[in-house]
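Written below as structure tokens is the structure these notes are about.
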């Protein structure tokens, strides 16, 4: 039970959401926030990233998911020191990204007309990344089955998988309806992105990639290290949600 | 200061223009009227009337601001000179009785949310000056809503008992053995600035625990710190200049004002004269405070390790590896008595919810502390605060995760 | 049909660096000032705290602090005979959005231009003859000189607390600074930042090759600082999350850390965020601005009347607003008439990555600030004889690596596969011992007749207005300049001890998909002649005297330096003219 005789309440903080007006002109109701007099403030302010939820695929179906796990394990193979793309969660990363605003091309200019242009004029298709993966994985699956007598990619041996991917990457094996080389290049980029991003997004589980390269993670203070040249930085990596050292208590 | 005769006043009232219609005592061209108003304006700053009687962004002194008490909300009244909804029609005696005796116009008791038990230390002349100032303001039509105090607190006559226990009327009497500056400081602290209202802990009924005068209290989800000269928990490690600068600008080399104190600085202490902030500093540093030894509870090595890791990763980019912060920008945790308080509520709350320090003319930056409640769980916050409380030469009781859980749930529904 | 709001003295369109500078100056004159910003309010503790700002995916890869192309974008083509297509997703540049604009997420590299940059046409013609310049190059003199701007450069540097080592103090060349810089009247407000390992190594190698390296002037401060407005900044902690990111600990100069908290306390200032100005209104004569029309976040239109309009919305949006408001004659490259949209330029950027022996070199490359670096200026501007080389212009080169965020900094030496076991091993072996300067070669981009801005005939924005169209390509002059600089840079990286180099030149065609800094300039240029410029020397519109247009849109061509310090200096210069001359006697400050 609180004891006290307060004579002042806490400051009334203004909320600055778009559409909430602080009226300066009493006769008008312009729908935008007006900032005057003092800096805006609200408790618990800020917009931290929501961690992904582990569990079933949110974008891929079962077959796509299996293919993706095999693919990322080729792009980033496991070795005795560092897990590969699959165990590092790269397929999970891509799945969550495609299920979210990135997959939907949110924020991009997607108005017609869509015309093919020069390569240096950039992406000009109505399809976003999500659609590109759907189409790309389907075409890849067809090509793979054609090539291997009906087996999906996940059932090929390690060597066969790599050979197939090299053929696609070189443009020797074409995918129908899809630019196979471009699709595979994007896949490599996304898998590696998931490998090196903060673990909060699903990849780089336990910061295995950061440990591999010696990157100390989401730190902010190196003031005591800037003048220590050619010395190994000793602290383990930390993600936005911390590391094991935070919870020894 | 002489009083204006009633007859003269009535004649003048007829002669003045409509813009002065709200004033019950119309002004003459008397020079003292100006000095009166100026004096009253300054006293209202010392008393921080605006802190309760002005809604932020609203018309000055027109009331309507909910004041939290543990017993419910009390809505501050309109003290502009409006005849119907303000105090324009009140007599001087009625105004004085309200401010210094806690008796409303109809004879009903005021709740000590109106700190009449502190304002009683002012003189009648002081109060009349405040009156003159308020009377010079624009009358605002604003009738206040009912208070939301539940039974039995809504029965004002219960205040008779409270007053008998906790209220001693009487103007401030200077102590002859002390300096003029000390007395001025004590007058302000105990009188208009009513510091004890937040900084002195209260009994169950809301009266002052005088044995712990200014040693810190918990209210509205904050812990107001000890402001005696105790070295560990109070102002003992600050110089008088540090204290005065803090009051004047909201910041000093060690820390910054936030929460309810930010508002007190903005509306009241930053507008005080230098001699008054110095006087307050002199007085406060003369109070020895609690002489008990610090309780040195041991902190586990693993707590220090975890807290130290979190501190380095999350806190040191602003507060420094040595806890020295950046003067006037990031508080020096190594010197923070707030962090070492017996009641860690404020420290926990700031880490959980973030805080904005006050911006004043002299110190406009108003740096903000981000909120970590989303990132650190209760154990982690307890660990990092225990680390801070026991680093850089300090030794303080560690914080338990339960303390953090309590503050987290207590503050969850607050909007400040 | 828009509704009217009560009149103000000044309306400011766009609230980044120049908006904040102008608002602070004009409120000090006692004027009632209102500013409109299309994007949201932003501040360190609430929007870029050190708890989650260190998120490469969110802020660098997904561009979360930037304008969404869906809100507004441009179309692009290389040549006039091509069809321009929309920039559907940002690549070559990244337009800002929100209070503070680019000042929130810039690198804080703070360079002055050279004295010769301001009189470029005259200078180059005198030295090399008119025939030396390509016939389609349309460079111009600025109409203002370095000496006129010097006090304003100084003012902006002291506002920000810039960390640096002076190279030329009132004519005296100082050791350790840039010997080529124009004379400065006093030293930098704070000392240069400490340089990490690879940056000092570059300096050593450059010195041994006979160059005069110096630390890059930095708006990420080397120590705590209090600026003339009483604003407090802290020391930079070399977090490596600078450009693309807001600063979490008040150590990067931005409008938020240097001006806004002081400004916001003034009762004659207010700011509306989430309000997009869509038109500057002029009266029937077309010679007087009456205010602006803006759209709030619900899509409703309002009119804000004012006596003075300051357009400070960033290069591209300045030009676009002038075109949409039909102020000034649009530029036509065919007839070479008109002014709005002419002399549009970018920056000529390339780099060299160096791969070192990881047993001998551990660079801790993640320790850096946004404007760290050791640079040399021997090849900038006209600092060297261009006669033998057949091009004009130049730039600084330097090891200006600003961090090593892993998604983008896990490079492998040339010839390594891009994926698979070899790739993985190469990444592991090279991460800590790779030098990746980023914009290591930072060259000028001069103006040309057929590089310009106009309105697109086909594509529209969400209000139904035509998008602005960019016609831009890389010219022979800039290609030669870049090859020259890049080769010189590669020599130094090699001299540092690199075992392998990956040399990247900037080549044609200009590519809208690869990032080349957001230093877009021109389109509303300043000058002495209203036939070839939109603004006079005070950034006042020749056509509409109560309209002033800030920003790099005023640059007649770009120099070999980052633009922001010059943008800020020009704003202070213009503000001084408004305060000392215009307000006393509103009207044209310069006769046409």
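Residue numbering begins at 1 within each chain, and the chains themselves are lettered A, B and C in the order written.
Rule of thumb we're sticking to: a contact is a pair of C-beta atoms (placed from the backbone, for glycine too) under 8 Å apart; a residue touches a chain by one contact, two chains touch by 3 or more.
Nothing here was measured: the structure is a model prediction, and the numbers come from that model.
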Chain pair that, of all pairs, has the most C-beta pairs in contact: A-C
Furthest chain, CA centroid comparison against chain A: B
Centre-most chain [mean C-alpha coordinates]: C
Centre-of-Cα separation between chain B and chain A, whole angstrom: 48
Cα-centroid distance, chain A relative to chain C, in whole angstrom: 29
Residue numbers of chain B (touch at least two other chains): 314, 317, 354, 356, 359, 366, 368, 370-371, 374-375
Numbers and ranges of chain A residues touching at least 2 other chains: 37-39, 41, 45-46, 48, 218-221, 223, 240
Junction residues of chain C - those touching two or more other chains: 43, 45-46, 49-52, 235, 237, 239, 248-249, 261, 265
Footprint of chain C on chain B - complex, ascending: 314, 317-318, 326-330, 354, 356, 359, 361-372, 374-375
Chain C-facing residues of chain A, complex: 16, 18-19, 24-25, 28, 30-42, 45-49, 74-77, 79, 82, 102, 106-111, 113, 115, 117-124, 162, 188, 191-193, 196-198, 201, 209-210, 212-223, 225-233, 240
Contact footprint of chain B on chain A as seen in their complex: 1-13, 22, 37-39, 41, 43-46, 48, 218-221, 223-224, 235, 238, 240-243, 245-249
Chain B to chain A touching residues, read off their complex: 48, 51-52, 55-57, 65-70, 112-115, 194, 197-198, 201-204, 206-207, 217-222, 259-260, 262-264, 300, 302-303, 305-307, 309-310, 312-314, 316-317, 321, 352-354, 356, 359, 366, 368, 370-371, 373-376, 379-380, 382-383, 411, 414-416
Chain A partner contacts - residues on chain C that touch it in the complex: 3, 5-6, 40-41, 43, 45-47, 49-58, 61-62, 68-71, 73, 76-78, 82-83, 85-89, 91, 99, 194-197, 200, 235, 237-241, 248-249, 260-261, 264-265, 267, 269-275, 296-298, 300, 302, 361-364, 366-367, 404, 406-407, 410, 418-421, 423-425, 427-428, 431-432, 458-460, 509-513
